[in-house]
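Below is one structure, written out as structure tokens, with a few remarks after it.
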Amino acid sequence: MTSDKQTGKAGVPITIRQLVKTYGNYRALDALDLDIAGGEFLTLLGPSGSGKSTLLMAIAGFIRPDSGLLQFGATDVTRLEPHRRNIGVVFQNYALFPHMTVAQNVAYPLKLRNADKSRIDERVQWALALVKLEGFGDRSIHQLSGGQRQRVALARAVVFEPSVLLMDEPLSALDKKLREHMQIEIRRLHEKLGVTTIYVTHDQREALTMSDRIAVINHGRFAQIGAPKALYEKPASRFVAEFIGDATLLPLDAGQKQPTFRGRAVKTKETPQDNASYIVLRPEKIRLVGKEEDAGWNCFAGTLDDIVYQGESVLLSVRLEGGETLFLRQPTDQQSLAALPQRNQPVEVGLHANDTLIVPEEAA
Amino acid sequence: MMDMDSDPTVSHLRRLWLYLYCLAVAIFLLAPILVVIPMSFSPSEFLEFPPSSLSLRWYQSLFNSPEWTGAAIISLKAAVLTVLVATPLGIAAAYGLQYSEMGIAKLVRSALIIPLIVPVIIVAIGVFYLFARLNLVNTLTGLVLAHSVLALPFVIVVVSAGLQRFDINQELVARSLGASRVKAFMTVTLPQIRPSVMSAALFAFITSFDEVVVALFVSRGPSSTLTRKMFTSLRDQVSPAIAAISTILILTTFLLALAALASARGDKQQKS
Amino acid sequence: MAPHAAEAMEGDARRERLRLLALSSPAFLLVLIVLLIPVGWLFFLSFVDKDGFTLSHYARLWQNDAYFEIFRVTFLSSFLVTVLTVVLGYPLAYLLSQLPRRAAIIGLTVVLLPFWTSLLVRTYAWLVLLQRKGLVNSTLMSLGIIDEPLNLVYNMSGVVIGMVHIMLPFMVLPLYATMRSIDPGLMRAAISLGAPRHKAFFTIFAPLSLPGVIAGSLLVFIYCLGFYITPQVLGGGRINLVSMKILENATIYSDWGAASALGVVLLVVTLLLFKAIQIIVPVDRLMGRS
């Protein structure tokens, strides 16, 4: 193990093998395997209690796994103390040091590395400029807004050129507008620095917006790992289909060779897997169709239950004959609005074969 | 917030009896302190209130008495040393017990709180019984050890409360940024729990300085503490000299408390 | 590289936990050596005499009427003090809890000033106030309420007055903390539902403040049971409490068996009562608030 592998090099690949962490009988991390490329932006996405934060804390070294392997590049860091890992961490509540100024916060990791004064000043200026906080160095933490604190935390986490940047729901305390703005900022910062970044969130939209790849985690296991588009368009299981994006899942008839729903064959582009058991209907992929059935469409008959105007779109809810409720989105241009049927009218909902997704209960 | 606390549905008049009752209780609470201070300035051999004229006679006789000044110096030494022993030990214990996830930590914590619960008289005879065998009776070392045991629970409880309010993520961040656990504690945690540490030290000081029962057993004769000497002389006579000592004690305590308060407030102002 | 085996990782984790636990060991050792071992020793002494194991020390406590009287007076005075601190402290804590915060802080300072004043100083002050020619008697006489000075000190009344003064802050602080945490909206809700004010107080506020009353009472009672300084000075030797008998047995008669047996009884009662407090309110909360 050489020390230059631990320090200073941006874009270190990360290898995780058979990582296990249990609390009593509960397996918080259930033998996880994951390879993250150098410089990649990977998001850990999952509901609360799924194990995503546990995994991040294990990578940071704050949680000791029971067994397994964790490597940064060629360096085994599994048993290394956190302060020797050369990682930058941004917490949800920022955890800025209130007894230090902005500049002192950012200089903290450099001082620990015994950098000389001129170097510290230079790096602090660089980092504050990077997060667009030039001239804020002498401010007290208490004088900053939430978004500014977020930026200071970021500057502090990258100022010493860590080999890995870890972020634990860093934007969840910000309001929606600021959050969306910061998503772009973080993305830009990542592209500039090229540091391997692991980002934890429970917000699927944030994950889709920011990531190179997303690892969906549930009950301490990866449900699916892939690029945002792949996860959205080709979910591997019922859980992923429901967790990413809005969807209504309709169960296929049991014990049939070909997929059928209430006795009618379901048309698909690709042959579904053997254990496939649900049709995924996303609001923006389905539309109202006429009575005469086009060959390329799967159709579902129902009644229009409700129409909710949401500004950029209209959300319709349709109750199927079996009692299930589907949602579909329509644009709000005048022509589309005028064409909307009345409430309680019978309608026909269509899903094109090319958009028809069929998922299994559990990933194979 | 302020308005939410007071209840507009009841008039002050209907509460008059409550105000008067509480005023009486407040007088009961404050009267002893308020009476002692003027009495100490009396020129008379006897206690009189209000004093017929003002004099520093009793203060002079105190400062000229090597017995009293000697006792005061012993008390101060013991109190300062107790602070120096109990505060670091208490901080280390509070930190360790807070973050060690071992089941036994709870037990150790209970054991460390015991001196707060056990009646002082029992602590005193136990300590006396032990010190008699270790030749520690009538030594400053013995007194400081015993007082440190009495002060430890206060330090631990106060510092633990401070640690609970502290955001431990800050220490985690410091460690990720390259600080060892010790360094992270010294540079990030300790500066922020400083008000708790200050009041813990104050508690330790007063615990020792004000303690009588243990001192009755283990600091006798020329090594008497101030409070012990006061206690003994109270049995013989009720002299205004005691009022003078009491006044000095009251002022010392208040100055210390004010200093602690000022430092805590300084911290707050820094934050806001 | 092969994944790390569970044993090696478990070893690391255990070492870290032990290192943290070890931080408490100096404090623990100090308490162990200076307090726990000697008290254990006394416990042992209470069961032996020169011939070996015996229950005679305890038998004497049981049979001797003088000891019975001492326990009776100790419990009686502790009980009186507890009741009086509730009577004086509850309305005060209630008023403070209803005041705006800034006014409440001034009020709390009045409670805390004596709390921070030396116990011996306060005891001395009461000695001065309660003497035959003291301020209390002279005031009462000049007001024409009494003709002859009352015997207020060197008897039970002096002991109780002094102890109530010392103990009152211990009652008011937990009471105040409990009452502050009662949502004032509850009283308004009760009144809006049609309860008269006094009824709302007795059905809503009083029951919710009960844990504070119980915790404060137990705290005061426990401290009173082992109290030495104040009753010794204000009782003038005429009021004998358990603590004084322990001291007397140990120092004057060097009868460690008898002193220890008394100490054990006192300790057991204290610990049992303390356990009761902990079930109602954790000690950390009581202390943390005060």
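Order of writing sets the labels: A, B and C. Residues in every chain begin at 1.
By our rule, a contact is a pair of C-beta atoms (placed from the backbone, for glycine too) under 8 Å apart; a residue touches a chain by one contact, two chains touch by 3 or more.
Quantities reported herein were computed from a predicted structural model and do not represent experimental measurements.
**Student:** Of the other chains, whose C-alpha centre is the longest way from the centre of subunit C?
**Tutor:** Checked the centroid distances; the maximum from subunit C is A.
**Student:** Between A-C and A-B, name the chain pair that shares the greater number of C-beta pairs in contact.
**Tutor:** Spelling it out, more C-beta pairs touch across A-B than across the other pair.
**Student:** Taking each chain's centre as the mean position of its Cα atoms, how many Å separate subunit B from subunit C?
**Tutor:** Centres of subunit B and subunit C (C-alpha means) sit 16 Å apart.
**Student:** Between subunit A and subunit C, what is the separation of their C-alpha centroids in Å?
**Tutor:** That gives a centre separation of 56 Å.
**Student:** Distance from the CA centroid of subunit A to that of subunit B, rounded to the nearest Å?
**Tutor:** 53
**Student:** Using the touch definition from the top, which residues of subunit B touch two or more other chains?
**Tutor:** In subunit B, no residue touches at least two other chains, as defined above.
**Student:** Which residues of subunit C touch subunit A in the complex?
**Tutor:** My answer: residues 1-6, 8-10, 12-13, 16.
**Student:** In their complex, what parts of subunit B are in touch with subunit A?
**Tutor:** 167, 169-170, 172-181, 183-184, 187-188, 191-192, 270-272
**Student:** Name, in rising order, each residue of subunit C that touches subunit B in their complex.
**Tutor:** Residue list for subunit C touching subunit B: 17-18, 20-24, 26-28, 30-39, 41-42, 88-89, 91-92, 94-95, 98-102, 104, 107, 110-111, 113-114, 116-129, 131, 134-135, 165, 168-169, 184, 187-188, 191, 197, 222, 225-226, 228-229, 233, 243, 246-247, 250-251, 256, 259-260, 263, 266-267, 270-271, 274, 283-284, 287-288.
**Student:** Given the complex with subunit C, which residues does subunit A contribute to the contact?
**Tutor:** 17-20, 64-69, 71, 76, 78-79
**Student:** Please give the residue numbers of subunit A that touch subunit B in the complex, ascending.
**Tutor:** Against subunit B, subunit A makes touches at 60-62, 81-83, 85-89, 91, 93, 95-99, 108-109, 112-113, 140, 142, 156-157, 160, 166.
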